[in-house]
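Naming follows writing order (A, B, C and D), and every chain is counted from residue 1.
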Amino acid sequence: MSPVLITFYFLAAFTLATAFLTIYSKNPIHSAIYLVLCMVSIMGHYLLLNAQFVAIVQLIVYAGAIMVLMLFTIMLMNLNKEDEVHKPRITRLGAIVVFILMSMVLITIFINSKTIMGEYDSTGEDFQSIKVLGKVLLNEYMVPFEFASILLLVAMIGTVLLTKKEKDQK
Amino acid sequence: MIENILNIIGIENYIFLTVLLFCIGVFGVLYRRNAIIVFMSIEIMLNAVNLLFVAFSTYHQDAEGQVFVFFSMAVAAAEVAVGLAILVSVFRNLGSIDIDNLKNLKG
Amino acid sequence: MDVTTLLILLLIGAVATLVSGDKLASKVALLFSLVAFGLSINLLLQFNQGTDIGFVSNWIANPKVALALKADGLSMAMVLLTTALTPLIILSSFGNSFNNSKNFYALVLFMAFAMVGTFLAADGLLYYIFWELALIPIYFIALIWGNGDVEERKKAVVKFFIYTLAGSLFMLVGFAYLYSKAGSFLLEDLYKLELSNQEQFWIFFAFFLAYAIKIPIIPFHTWQAKVYQKAPTVGTMLLSGIMLKMGLYSVIRWQLPIAPDAAKEYMPILIGLSIAGVIYGSIVALRQKDLKKLLAYSSLAHVGLIAAGCYTLTADGLNGAVYQMIAHGFVIVGLFFAAEVIFRRFETRKIDELGGIRSQASGFTSMFMILVLASVALPGTYNFVGEFTVLYSLSQVNIWFAVIGGTTIILGAYYMLKMFQNVMLGETNTKVFKDVNVSEAIVFVVIIGFLLFFGLYPKPINDLVNPAIKEILAVINR
Amino acid sequence: MDTNLALLLLLSPFVGFLFNIFFGKKVSKGISGAIGTLTVVVSFLLSICFFAQLNQNGKPFEISLFDWIQVSNFKLDFGILLDQLSLLWLLFVTGIGSLIHLYSISYMHDDENMHKFFAYLNLFVFFMITLVVGNNLLVMFIGWEGVGLCSYLLIGFWYKNQPYNDAAKKAFIMNRIGDLGFLIGMFIIAALFSTLNYAEIKSAVASGDANSALLGLAALCLFIGACGKSAQLPLYTWLPDAMAGPTPVSALIHAATMVTAGIFMVTRMNFLFDLTPDVQNIIAIVGAITALVAASIGLLQNDIKKVLAYSTVSQLGLMFLALGLGAYTVAVFHVITHAFFKACLFLGSGSVIHGLHGEQDMRKMGGLRKAMPITFWTMMISTLAIAGIFPFAGFWSKDEILMVAFGHNKALWIVASIASIMTAFYMFRLMYLTFFREFRGTEEQKHHLHESPKLITIPLVILAVLAVIGGAINLPGSMWLNHFLEPVLVAKHEAHHLGTQEFILMGIALVGAIIGIVWANAKYIKQGFVPKEDAEIVGFSKTIYNKYYVDEFYTFLIVKPLNGLSNFFRTTLEPALGKVVYGFGTVANGIGSQGKKLQNGNIGLYLFVFVIGICAIITYLFIAQ
């Protein structure tokens, strides 16, 4: 057992546990906090894979921006009480069945398809430094990149419009 | 020459991890009534996919997978922003964000 | 000159009627229908000289659809029936006034256009388009200008529309399948198809549904009586006089030659069903209280006999069916017109409330009587020629079919005479009944003249129809 | 030339019909009647011409006018055939027709629709001529249905009276039942021989290779047609009801001419019936039973015209008996003599009714002998003729029927003899009740009693004379009719020699008739018996008086179930069928409204279903792999 592997297992267990707790916690605030932890652990995976840029972005966007937004919303709505009514039992049972079924199915699929995986190769090139990524992003993916910015702009305008109080509403 | 880290961990471990993470997300969507938690479940699913992208990017030694993760994060950010805005206005109108109480999506 | 001129004329007539304004509309429509009749007579003369008056031209490349209009004796007979009845029907409506009469008469002419198209089309898809096109005007005519309670009328008319449309869809599916086999919708290509028994079965019954509803054969007749009752008399005449014949014509032209083996295999069932319609229609007609409904059921009985003739697959059966179609077309228009004449004066169609008209209007009584007698196929009227030929063909298939089908002459006499007695005879009615005026008399006299003339001298129609039927029979027995 | 004359013979009454229907109202009643009569007289004269011609050269006259119906295996033209049989019929149809037209001028003079009456009568004569002169069965069928139509029109002539219209309708429909048989018979013959022309059928039958079972069926079907038209069991009930029509109509159509069409047809097709002995037996039995049943009903009827109607049915039964025994000439002979005396009787009863202003009940008559001597004497002669008293016409013809019956089957002979005795009884009952003893009507009627005008009595006298001498055409010994008709009939006639047996039979028949007369005399003259009121009739006589309840039986067995079925169809089955069709709509509607519930706008549910759906798809793909 190499330290890397141990790290991976630890991180994986942490990720799954926090993800599960996110869903299972009754208090939305707790959920949000578990989700932050989940995001951070995923960042850990990225670092393990040496994807520094994505890891940083993950931290900033998810753990930072998005989660703050969520927390704000939760608090705005004053949802920190544990007053959520459960879904009907049959639905919950269905959810669990689906969960188990899906996991089994997907895992079986990937186990079955393992044979066509080749050897892990290493080109030796530095393919995931910020420098390389930036070149790819701003050369080949220039147009989608710009579209992404437009998308974000539109999302911002939309959000503002949606949340604005309509004056002439009775 | 840097050794490929997947030689140590193995891509299948990542696959199992992401599958489980994704299924937890699905479970959350089905299980909860609180719209924000459902939202979070969706984020978990997105993250599971992102993680798989990055893992395969490493597997193929190719940066494009990470570029895609970048885009998906941008979309996720936009989605969260708009979605939460909608939730806020829903809450303002109905006083609740329980998805089972949202019954007006019909003509 | 070919048959397209006739179609174009009718279409122009419809448009001209639409723009002529409400006051002139009926006259313009009458004029155009008369010109169309003259034109079709002219076409008939050309046809008899051996000129080819058909028309073929490409239309849609993919799927391959052609504007193919073919005129043989059968088509010409049906076209003449349509163009001869249309002016009569328009003339018969002169005693009524309609709101928006320009729309009304334009729809009548448009319907004539569609029906003529149906009788001429020699391309499956074109035929289907005309077939469905004919449904649209009658829908509006019955819905907008009909009588009785609006809600009930709407219910009946919408039922009729959806019912016939649904039946026709099966025919469309049948055509689509035939296209996939033949690569063309052309009639002659479809005639050449060699279909397996299984295929023939499905094609036959897809077509059968469409036609059985239109004709109608029991138990697909439920739309009929209500619609006849609710539609304005012009609409009823168009429906019963011509539109029913579209179904019967199509049986001869499309259904039998394309799937002859299926027709042969199921012949007893088909004839049995048709004859059951004869008996059923007659028995139901016995106790009807509404004049138009009674006539509707009598029509059901008569078309049942015609359909039985078609399904015998003998030359006599098919010929007789065509004769009977023509005869029934005229007589039923006349009878419905008689009902309308009574309604104009007494404002009722309830048989109980009528009676005692004979002493007030002897001219009308005589004409009505002759129509009633023609309807029960008294020898000397054209109906007898048709009924005799059809019953003879049935007797050749199985004598019992003829015996059971022949009860129509007993039951028919029973319900028609009973109706006549209750409507026309008895103590003089307290209400005043004015005898028929000129335009009404013309309609009656033309119809009666036609029926009596051809009843004694049917040869011209025989000579027109027989060769065409012979050709079709050759295809059926290929 | 002959063609034109033949056409004139056929169309002359039709011209009269057209004139009367279109212009009859504008001209005076006299002219209308005169034209109606004249056109028939023209036909009569032409018939005589053709008859004379035929007597000279013995060749039948046949022409084809134009093509008519054409079916796959044969073609029919509208042809005229004037041979011995058709000319014989033409003579008495147009002859008696002329007399009755003449009679009607006076009889119908008070009716406002007299021109219509003449129009219909002319139309009837036209159709009757068509029936007789056609050279194939289908032309006969035109006339056959045509006379049925005229019968309908004339029975319902007083159309304001709905029971009369019912009687007319009944006659038409009963006839149509027979017509269907006729039609089917024609179909079988056409299928067998590919023709309907008499001559061609005859030669085809003679070749003898036809399927005898089918031939029998054809003959039976034709006989059913004859039953309808000639009022035989079980289709006879329309004829007594048909007395609703004006009396000249009863005389012309329902006694002398139309009802004999069935006999004409069977005689025409004699070559066919000769080959089917089973059917002949049926005909004979039906005829005998009809004769007996109708005669027994006639015993107790009180309506003067009803008695005559049942008498007609009974006499027609005797004629069919003769036909069934293959004695066609004898039947034809009786048709002719019967036409004379029955027409005379009807016209005489019409004269009586005329004199009493419409009274038809014999219980309210009596003692008319003095007031109406001509009517009385002519009717008396005819009554003697129908009763079969020597030497009146009826004696000879009826006697021959009885003789033929005796020769074939003693049982039939006994039945026919009983019917004859009954005939003598009820006819004299009629005479006694009507003309003898004192008048039983109202004082006012008594005051107005008078003999009918000349136009009524002249036809009566002529017919009475014919009823006396009519038997001369076929006296035993001369047998003129037999020889005359020989070319038409398949010659297999056994000649009667007048032996001892024949004379004994004649004697028995005569004695039988006299017994009937004496019986009637004893009951109605000596005892002065007057039939009871309707309500007082009890027991078996009530059954007879009510005509064995046959009408009620038919109503119960056919009309009621038919109407019930119609009601059931109309009120139950039709809506049910409609509901089945609506059912498709209802099902679609139901699916829609269930689906609508699914589409309830609940986002939570949508989300749930959506995710489950995706999972299901993935799982399915996995399993399907």
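Convention: contacts are C-beta pairs under 8 Å (C-beta built on N, C-alpha and C of every residue); 3 or more make two chains touch, one makes a residue touch a chain.
What you see is a predicted model, and the numbers here were worked out from it, not measured in a lab.
Set side by side, the interfaces A-B and A-D show unequal numbers of C-beta pairs in contact, with more at A-B.
Centroids built from CA atoms put subunit C at 72 Å from subunit A. Here the CA centre of subunit A is 5 Å from the CA centre of subunit B. Each chain gets one centre point, the mean of its Cα atoms, and the points for subunit A and subunit D are 104 Å apart.
Rounded to a whole number, the gap between the C-alpha centres of subunit B and subunit C is 68 angstrom.
Shared contact sites, meaning residues of subunit C that touch two or more other chains, are absent. Multi-chain contact residues of subunit D (touching two or more other chains): 608, 611-612, 615. Shared interface positions of subunit B, i.e. residues touching 2 or more other chains, are given as 26, 30, 33, 98, 100. If you sketch which chains touch which, the pattern fits none of the simple shapes: not an open path, not a single ring, not a star, and not all-to-all. Touching chain pairs in this entry, ordered by label, are A-B, A-D, B-D, C-D. If you check the complex, the residues on subunit D that touch subunit B are 599-608, 611-612, 615.
Note for the complex: subunit A touches subunit D at residues 91, 94, 98, 101-102, 105-106, 108-109. Per the touch definition, subunit D reaches subunit C in the complex via residues 21, 66-72, 78, 138, 141-142, 144-146, 149, 152, 156, 159-160, 162, 165-166, 169, 172-173, 176-177, 179-180, 183-184, 187-188, 190-191, 217, 562-563, 565-567, 569-570, 574, 577-578, 580-582, 585.
Residues 26, 29-30, 33, 38, 98-106 of subunit B are the ones touching subunit D in the complex. Subunit A contributes residues 2, 4-5, 8, 12, 15-16, 19-20, 22-23, 28, 31-32, 35, 38-39, 42, 45-46, 48-51, 53-54, 57-58, 61-62, 65-66, 69-70, 73-74, 76-77, 79, 84-87, 91-92, 94-96, 98-99, 102-103, 106-107, 110-111, 114, 117, 120-125, 127-128, 132-133, 136-137, 141, 144, 148, 151-152, 154-156, 158-159, 162-163 to its touches with subunit B in the complex.
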